[in-house]
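Next up: the structures, one after another.
Note that subunit A is present in both complexes that follow, paired respectively with subunit B and with subunit C.
Presenting the complex of A and B:
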C-alpha cells in the first residue's frame, strides 16, 4: 500500500508528498480532475499490469479501495 | 475477424497541408494556469492549427495532393482510385471525393468514394485502397485523410476545445508485384457510439430549435447539440483496453515482434495513452514519433502528419512501420508494412 501511495506522488505532481493515507478519498484531493484519473489509470496499468477504469474510480472512494481492486484483479 | 494481408501494393509518398493560423493552449481563457499545465503534461498538446472560416478539409487535401502530383511528376490520368476519409465533408451530398476528382482533373475511370471515419481512418483507408488495388488493374491510388475538427467543439467546453487541430493529407499507393504489401487488424464497437458524438443534425436527431441552445453539462463544460461531445475518461478506458491487444494480435499474425519495426506510430490523441502503450510494449520512445505538441489531435490525419513532421523527407532504406489508429465509432485498427524510398514531402501551410 505504501508503495502504491509513493507511486501516486511520483506521477501526480500536484499532490504534496506526505498528504495521502490509505483512507484518503482521492476525489477530495485538492484540484482533483479527470486528468488525474487518467494518470492514475495509466500508472496502475504500467506498474501493476492491471486495468482499472474511470467507472471503477467513480464507484470506489479511497486509495485502499483502489489498491484492493488492484490486488483482486492481479490474481 | 478482420485480420488480413494485402500483397502487391506499396505506400510511395505522403504529403500534408495544415492551416497557417494556430492557437496556443497556454492562452486558452477557460482553464486556470494549473489546469493548462496539467492538460499539456497529460495530452502533450501545446498548439493547434485552426482553419479560417470557409476552408474545408478538401482544400487542405487538394493542396497536399497538388504538391505530390507536381513534385513526383505523376500523370493524374494514372490515378485509378481516390478515397477521402473524413467527418468534415464539403456537402451533405455529393461525396467530397468526387469534388476532389474534378479539382485534380483525375480521369473518369477513377473510382471515388468517401469513408466516414475519424481517428482510425488512416488504417481503414489504407485497407480499402490497397485491397481494391490488389485485385485489378489500378496502378496508382490516392488516399486522402483529414478533418477540419476545430469547428465542432464549443470554446466554452474545456473537455474538447483544447484538443483538436486541423489537417489534410494525401498518400500515394502504387501497385508493385514485388512489394510485401500491408497487414491489417481492424476492429469496431458500436455499443459505445455515443462516447464521441455530435448529437444533432443527422436523421436520428434532425436540427431543431434546441440544437443550438447551450447547456452547462458541468462546471467548465458548456456546449450545444451541434457541438462535439467527448467522454474523455471512457475513451481513455477504451484506448487502454483495446490498442495493445490489437497491436499484439497483428504482431502475432505477422509472426513478428515489436522490436522488428523501425517505427511505431500511434494516433495522436493523448501523450499519456501513447507513452503507456509504448511502455507496455517495451518499445523505444525514439521510434515513436509524435506531432501532438504543435498540431494536437488531427483526427485521421494524425498518423501521416506525424510521419511528415517527424521523419526524414526521404527514407532511403527499407523501413518497417506499425501504425495504430483508434477513436470515434468506436473504431480501431493497426496496419503494418514496409516501404522502400518512402517520400515524405514538406509540410504545406495555407
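Presenting the complex of A and C:
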C-alpha cells in the first residue's frame, strides 16, 4: 500500500508528498478531474497490469479501496 | 502492376486560435489543474461559424496544388471525410470537385467518420489505384468539431481543434501501403456521440438541456458527449492489440519500424500506450501542441510535420494507427 501511495505522488503533480493515507478519498485531490482519473488508471495499468474503469472510480472512495481492487484483479 | 503510396500531405488550420490562456479565462477554476499539461495541447484553431469543413478542405487542397508539382487535371478521384457536410445531399465531395476545378471525369465520395477515418480513406485510395488503375487520389480529412462542443464543456474544449488535411495518394512501382487492420465495437456507440440532430433523435427544445458528468463536464444531447475515461480505457486496451496485429499482418517486427504515428487523441494516452508496448520515444512522432485533437485530420497533420521536419524520410516504414468514435480502430504500415 505504501508503494501504491508513493506511485500516486510521482504521477499526480497536485498532491504534496506526505499528505495521503490509505483512507484518503481520491476525489478530494485538489482540482480532481477526469484527467486525474486517467492518470490513476494509466498508473495502475502500467505498474500493476490491472484495468480499473470509470465505474470502479465512481463506486469506490478511498485509495485503500482501489488498492484492494488491484490485489483482487491481479490474482 | 502499380502500387499506391502517400506522395504528399498538406494541412490548413483556421485563423482563429484559442490558447490555453483563453481557456483559463473561460474556465478560471482550471488554472490550478497542473495535470492538464499532460494532454499536450497549448492552442487549437477554431473555425468561424461561416467556415465549413468543405471550406477548410478547399484551403488545404489549394495549398497542396500551390506547393506541390501536381496539376488538378491529374486527379482521378476525390475522397472527402468529415463529420459536417454542406448539405444532407448532394455530397460535399462533389461541391469540392467543382470549387477546386478538378476534372469532371474525377470520381467523388463522402465518408462520415471520425478518428479512424484517415486509414479508411487511405484504404479506399489504395483499392482505387491497385484495382482500378487510377493514378492520383485526393483524400481530404476535414473537421470542425469545436462547433459541436457545449460552451461549458471544460474537458472537450481543452482537447479538440479544427483543421483540414489533404493527402495525395499516387501510383508507383514499389509498394507504399501495406495490409490494413480494421475493427469496430458498435456496442460502445454512445461513448463518443452527438445524440440529437440525426434521424434517430431529431433536435427538440429538450435537446439543449444541460447535463453534467461526475467530473463537472457540461454538455447536452445537441452537443458532443465524450466519456473520456471509457475512451481512455478503450485506447489502452485496444491500441496495443491493433499495433501487434498490424505488425504481424505486415510481417515486420516492432524494432524494424522507423516511426509510429498515432491518432492524436491525448498525448498522455499515447505515451501510456507506448509505455505498454515498450516503443522508444524516438520512434514516435506527435504533433498536437498547436492543433489539439483534430479527429480524422490528426494523423495526416502529424505525417506532414514528420516529413517537413525530416523525421519521416523516403523509404521509412511507418505504422499508422487510428482509434475513436464508433468505437472503432484502424492500423497499417506505410513505406514512404
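Basically, the second predicted complex is superposed on the first by the 75 of 75 C-alpha atoms of A that agree within 3 Å, B and C clash if a C-alpha of one lies under 4 Å from a C-alpha of the other, contacts with A are read in each partner's own complex, and residues count from 1 in each chain.
Assume a contact is a pair of C-beta atoms (placed from the backbone, for glycine too) under 8 Å apart; a residue touches a chain by one contact, two chains touch by 3 or more.
What you see is a predicted model; the values in this text were computed from it and never measured.
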>> Between subunit B and subunit C, whom does A:2 touch in the aligned arrangement: first, second, both, or neither?
In response: neither
>> Quick one: is A:30 in contact with subunit B, with subunit C, with both, or with neither? Answer first, second, both or neither.
In response: second
>> Looking at A:53, would you say it contacts subunit B, subunit C, both, or neither? Reply first, second, both or neither.
In response: both
>> Quick check on the output: what are the common subunit A residues between the subunit B footprint and the subunit C footprint?
In response: 13-14, 31, 33-39, 41-42, 45-46, 51, 53-54
> Can you name the residues of subunit B that touch subunit A in the complex?
Replying inline: 34-35, 38-39, 41-42, 159, 232-234, 236-237, 240-241, 270, 272-273, 275-276, 279-280
> Which part of subunit A faces subunit C closely enough to touch in the complex?
Replying inline: 12-14, 30-39, 41-42, 45-46, 51, 53-54, 57-58
>> For a test of understanding, state which residues of subunit A touch subunit B in their complex under the given definition.
In response: 13-14, 31, 33-39, 41-42, 45-46, 51, 53-55
> Which residues of subunit C touch subunit A in the complex?
Replying inline: 29-30, 32-36, 38-39, 155, 213-217, 227-230, 232-233, 236-237, 266, 268-269, 272, 275-276
